[in-house]
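The two complexes that follow have chain A in common; it is paired with chain B in the first and with chain C in the second.
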Partner chain A sequence: MSYLDKSLEEIHAALKDGKVTSKELVEESLKRAHDYQDELNSFVTILDDAKEKDITDNVLSGIPYAAKDNYSTKGILTTASSNILSNYVPVFDATAITKLKEANACLIGKTVLDELAMGGTSTTGHTGPVKNPWDTSRLIGGSSGGSAAAVAKGIVPYALGSDTGDSIRKPACYGGIVGVKPTYGLISRWGLFAFASSLDHLGCFAKSVKDAAYVINNMKGIDDNDMTSWDSSNIDLVKDIDKDVSGKKLFYIKEIVDELKNSNQKYYYNFINILNYCKELGIEVKEESIDIKLLKGAYPTYMAISCAEATSNNSNLTGIPFGNKKDGDNPYEVMINTRTEGFSELIRRRFVIGSFILQKENQEKLFKNAQRLRRLIVERVTELFKKYDGYIVPASGDIAPHFNEEIDRLSEKYLLLENHLVIGDFGGFPSITIPSGEIDNMPIAINITGPIMEDAKIFNIAKKLEEKIGFTPLSLRKEK
Partner chain B sequence: MYKATIGLEIHCEFESISKVFSPSDNSYTDAPNIHVAPQDLGFPGILPVLNKKSIEQALKMSMALNCKTPDEIVFDRKNYYYPDLPKGYQITQFNKPVGVNGYIDIEMEDGIKRITIQDIHLEEDSASLDHYDTYSLIDYNRAGRTLVEMVTDPCIHSKEEALKLLETYRSIILYCGVSQARSDRGQMRCDVNVSVSNTDELGCKVEMKNINSFYNVGRAIDYEIKRQTEVLESGGVVEQETRRFDDETGITYKMRDKADAVDYKYFPEPNIPPYPVTEQWLNEIRKTIPMLQLERKQKYISDYDLSAYDAEVLVKTKEISDFFNDCVKLGTDPKKACNWITGMLMGYLNETDISIKDVPITPEMIKELVDLVDKKTISSKQAKEVFEDMIESGNNPKKIVEEKRMMQITDDSAIHDVVMEVLKENDEQARDYNPEKTRMIDFFVGQVMKKTRGKANPAKTMEILREELPKYGK
Partner chain C sequence: MKKITKENIQDYALKLMFKMKEDEYDTFEKEFETILKHMDLIGQIDGIENVEPMTFPFKKDVILREDVVTSTLTTEDAIKNAKDVIYDEVKVPRVVGGEE
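Then we have the complex of A and B:
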């Protein structure tokens, strides 16, 4: 097995012992990136001139990683997988990128996303769709699909993503890897291309919970450039990750699990099995009910808020101060032509929806009601968190779909099972998806979500469950 | 009879080290695109960071305008596309401004008039555009600069009131020290709403945006009142619309009508958490608000018995008024201090076109000078000479008087000696002294002055002569 496929701690030990060098790891990672690019299309940019870094006591030092192409990287093309930014080279680094630079981590590439991170399929990027390494006839999910595929395939040990609805935690499920977004504000958003500011989270993909803990530990921290970031210097996600979890309390959401039982027996029994693991670990799991109207309202609420904020956040893309400017006879024409040609039809549709929702005459009914629903959901979950350490749910309703598979967006299954992860973004709750098994040779997963600022507790529970489950990631299987 | 109703929206750029939501330099410069950070260009991934100094300045103005302050500072986004707006939205205050329901008292010829204020809010400025025949240039220095907008109620009824309000508002800004409020640098800009009606109901509102000087505000109001009155008198209807004032012709042109009004789609700015406003913080800020122009003027007239004209001159700038206050605080007679300041001092400053901060003169020096005259150590004529010296040299009056040997002889016996000397030297005239002939005594005073080279106190000299002359030779 190549050192690149080992855990971060093992790679770090090997680097320290001189069994492998940073240069070898970076070269291996770049080679894999190129080798699988045609098959997966996970990268917008592969940084062939990526350099090895000195090995320090930081576990990430000298180890390659990839970042979603909506992380601002100074001097490195950053497109957000959109034509409108196809030539945009930022002048500053995202804070998370700066922190990983300081940790001597080696960025080897920028990964494909759904255009401007708006989407859940990773099929809408300007460089084409990302494919699922488990089955390339299936999608990997999105919007952080390139990063998910790169980790699932073993191109990099970890990769950075962003999560506004479920854009890390859903592709993690479809890729059979760990995907985490911590509490809102634990990681600075400075330099992350804004989609919906009140919902945007940074996070990562890794092969294991502990690897993810190391990565988030290095990304987090209060930042003068982000007024919503907070001081987490007393939080260490790795330190207590192996602590005994007996006595912990989790709940599962009845309405979601009932719907799973109705629609997908195999997934349901896998989930019940995970609940048994919980009991074996001494975790008490109870059923709790959340008003089904609230749960079904989550997706439309998400669409209303995210489209509204996205319309505003992306109003900077006019081609005037930067970006892929198109000609016009006057400044308005320049802006109109740039935006018309720069965005795909899907994006334009979301902007129109967002703009409609924000119109004076619609705000009360659409935007403010969405805010109210968001608040009601968050209040209900927060209320439950007073009695529990978190909740556990199936991360999706099914395995990754095939490309062009029809989805009924108004079905119970879609509303209840495929979109509930957004609750984590509504409340800014720490939330982690870990693989829980397979159906038809495709991975499925569970998600654990906890109260804000209790990230360490969620990592701890996820780590212990991960041990029980004993899932082997795809990238380690092909080596056998 | 047609009555005009006017409302003003006055923008002013406030001064601080950095811009309101970005770390770049907030000061004015002629060099374009120098004070620019990623935030000011609206690059993807930027976030606003609120400048606490800007909130303090805005709260200070809010309280100075007698506004109700909010329990927390929150911001909203105003969304619209324009080439000078890099983010495609402006961060401003819509739902909870930094101040509401305030007022400004303005002094009109027929007394004080209260102009009520709808709100005052903190926001960021846009970039500035220069248009040429085939292209436009953008200067992002102004993008993100701290901007405060004050909106009056439609309660102004003449050009004179509007201009007085502008002047008074500007003086409050200057007194509060939050901006130099210079129109020539575009620091102060004004939107003017005018309606005309011959009933109790308000007429249709016409808005004129971005007028860049007080003078042009006056011209725009004149033109609009005339235009709207003519429309109404000829039986027409005034359209609710936005018009552009052309400062070359003094005429307003239609820009867009009501149907084209922009929906700014305001919503709360998600990147700035609410900033709590505590009573303690407000009190600290309130302490920094000085007594304002009008109140000072009234105080000078009522407490110090100064003329309205003098009081007006003294409060023209806060620096001069503060200087005067310090003089009075030191115990200088207000009228005498006023005379020195409005006369010699301001004359000098006007002539040399400099500010009081640029001259080495202190209230202590004025007090000393007044004392020297009061004690008759020097004459008022000499005092002027001392003043001219001290404003150049910065030396204190006593030192100047000593150096120039200007000290008047006020010692009775010393003057007495000189008087006796003069009488002896002019023995004949002294003996012929006749109190009826006043010119005689002037002759002797002149002789004493000549002998003492002007240093003998004239009054004292006169007194001694009156005493000695009748006795001489008797």
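Then we have the complex of A and C:
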């Protein structure tokens, strides 16, 4: 097995012992990125001039990684997978990127996303759709699909993503890898292209829970440039990751699991099996109910809030100070032409929906009611967290769909099973997806979500469950 | 709730400084039917109008940084990504006045 495929701790030890060099790892990572680009289309930009870094005591030093192309990277093309930014080269680094630079991590590429991170399929980026390494006739999910595919294929040991609805945790499920978004504000949002500011989270993909813990440990921290970030210096996600979890309490959401039982028996029995693992670990698991009206309203609430916030956040894309400018006879024409040509039809539709929701006559019934429903959901879950350390749910309702598969967006399956992860973003809760098994040679997953600022506890539970499950990621199954 | 029309769509689009194209309205109208049904789900909670809207994930004291004067962007960097630049400034078509 190549050192690039090992855990971050093992790679670090090998680098320290001189068994492998940072240069060799970077070169191998770049080679894999090129080798699999035609097959997967994970990258917008592969950084062929990426350099090795000195090895320090930091576990990430000298090891390659990739970042979603909505992380601002100084001097490196950053497109958000949109034509409107197809020529944009930032003049500053996102705080998370700066922190990884300080850790001597080696950025080898920028990954494809759904245009402006608005989507859940990774099929709408301006450089084409991302394919699922498990089965290239299927999608990987989105919006952080390029990062998910790159980790699932073993191109990089970890990659950065962003999560506004479920954009890390759903593709992690479809790719058979770990995907985590920590508590809102644990990682500074400075330099992440804003989609819906009250819901946007940064996070990462990795092959294991412990690898993800090392990455988030290095990305987190209070930042003067993001007033919603907070001091987490007392949080160490690695330190207690192996602690005994007996006595911990989890609940599962009855309405979601009932729907899974109705619609996908194999997935359901896998989930029940995971609950048995919890019990074997000494974790007490109970069923709890959340009003089905609240749960069915979660996705519409997400759409209303995110589309409305996105219309405002993306109003800076005019083509004039930066971006792919189109000509016009006056500044208004320049902006209208730039935005009409620069945004895809799907993005313009979402913006129109946002505009509709924000019209004076609709604001109260649509936008404010969505914000109210968000509160009701968050308050119910927070109330349950008083009795529990977190909740455990299936991460999706099915395996990754085929590219042409249609799903009824008004069905209970869609509203309850395919979109419940958004609750984690509503409340800013730390939330992690880990693989739980396979159906028809495709991965499925569970998600564990906990109270705000209890990130370490969620990592601890996920790590112990991961050991019980014993899932082998795709990239470790074949000889390269 | 008001039904969406082609005129509404173009009006909302123009408020956001872009246009919808002629062949895009059909898809949009179909999608909008689903969106409106989704939005109906939001209003189905009894007494929802009495709940305070939530604009932030959780309660948190906001600590503002010290108000120290600092420079974050040089002129060179500020114009680096602009397509049209003249005399270190971003060039746009004339906004006021007569013919050029």
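Here is the rule we use: the second predicted complex is superposed on the first by the 479 of 480 C-alpha atoms of A that agree within 3 Å, B and C clash if a C-alpha of one lies under 4 Å from a C-alpha of the other, contacts with A are read in each partner's own complex, and residues count from 1 in each chain.
Keep in mind that, in the parts below, a contact is a pair of C-beta atoms (placed from the backbone, for glycine too) under 8 Å apart; a residue touches a chain by one contact, two chains touch by 3 or more.
Bear in mind the structure is a predicted one, so any value in this text is a computation, not a measurement.
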Which of chain B and chain C A:W190 touches, first, second, both or neither: first
First (chain B), second (chain C), both or neither touched by A:I320: both
Partner chain in contact with A:G161 - chain B first, chain C second, else both or neither: neither
Which of chain B and chain C A:D226 touches, first, second, both or neither: first
Residue contacts on chain A - larger count, chain B or chain C: C
First (chain B), second (chain C), both or neither touched by A:S198: both
Contacts of A:Y88 with chain B and chain C, given as first, second, both or neither: both
Chain B versus chain C as contact partner of A:G397, first or second or both or neither: neither
Touching partner for A:P182 - first (chain B), second (chain C), both, neither: neither
Touched partner set for A:P331, first chain B, second chain C, both or neither: both
Common interface positions of chain A, toward chain B and toward chain C: 88, 91, 198, 224, 227-228, 311, 315, 318, 320-322, 331-332, 334-335, 355, 359
Complex contact set, residues of chain A against chain C: 87-89, 91, 184-185, 198-199, 224, 227-228, 230, 291, 293-294, 296-297, 299-301, 303-304, 311, 315, 318-323, 325, 328-336, 339-340, 343, 345, 348-349, 351-357, 359, 361-362, 365-366, 368-376, 378, 409-410, 415, 425-428, 452
Sites on chain B touched by chain A in the complex: 38, 41-50, 77, 79, 81, 83, 86-89, 136, 138, 140, 263, 265, 267, 270-273
Parts of chain A lying in touch with chain B, wherever the complex brings them together: 70-72, 78, 80, 85, 88, 90-92, 94, 189-194, 196-198, 224-228, 308-309, 311-312, 314-318, 320-322, 331-332, 334-335, 355, 358-360, 363, 367
In the complex, chain C residues that touch chain A: 1-2, 4, 8-9, 12-21, 24, 27-28, 31-32, 34-35, 37-39, 41-45, 48-49, 51-58, 60, 62-65, 73, 77-78, 80-84, 90, 92-95
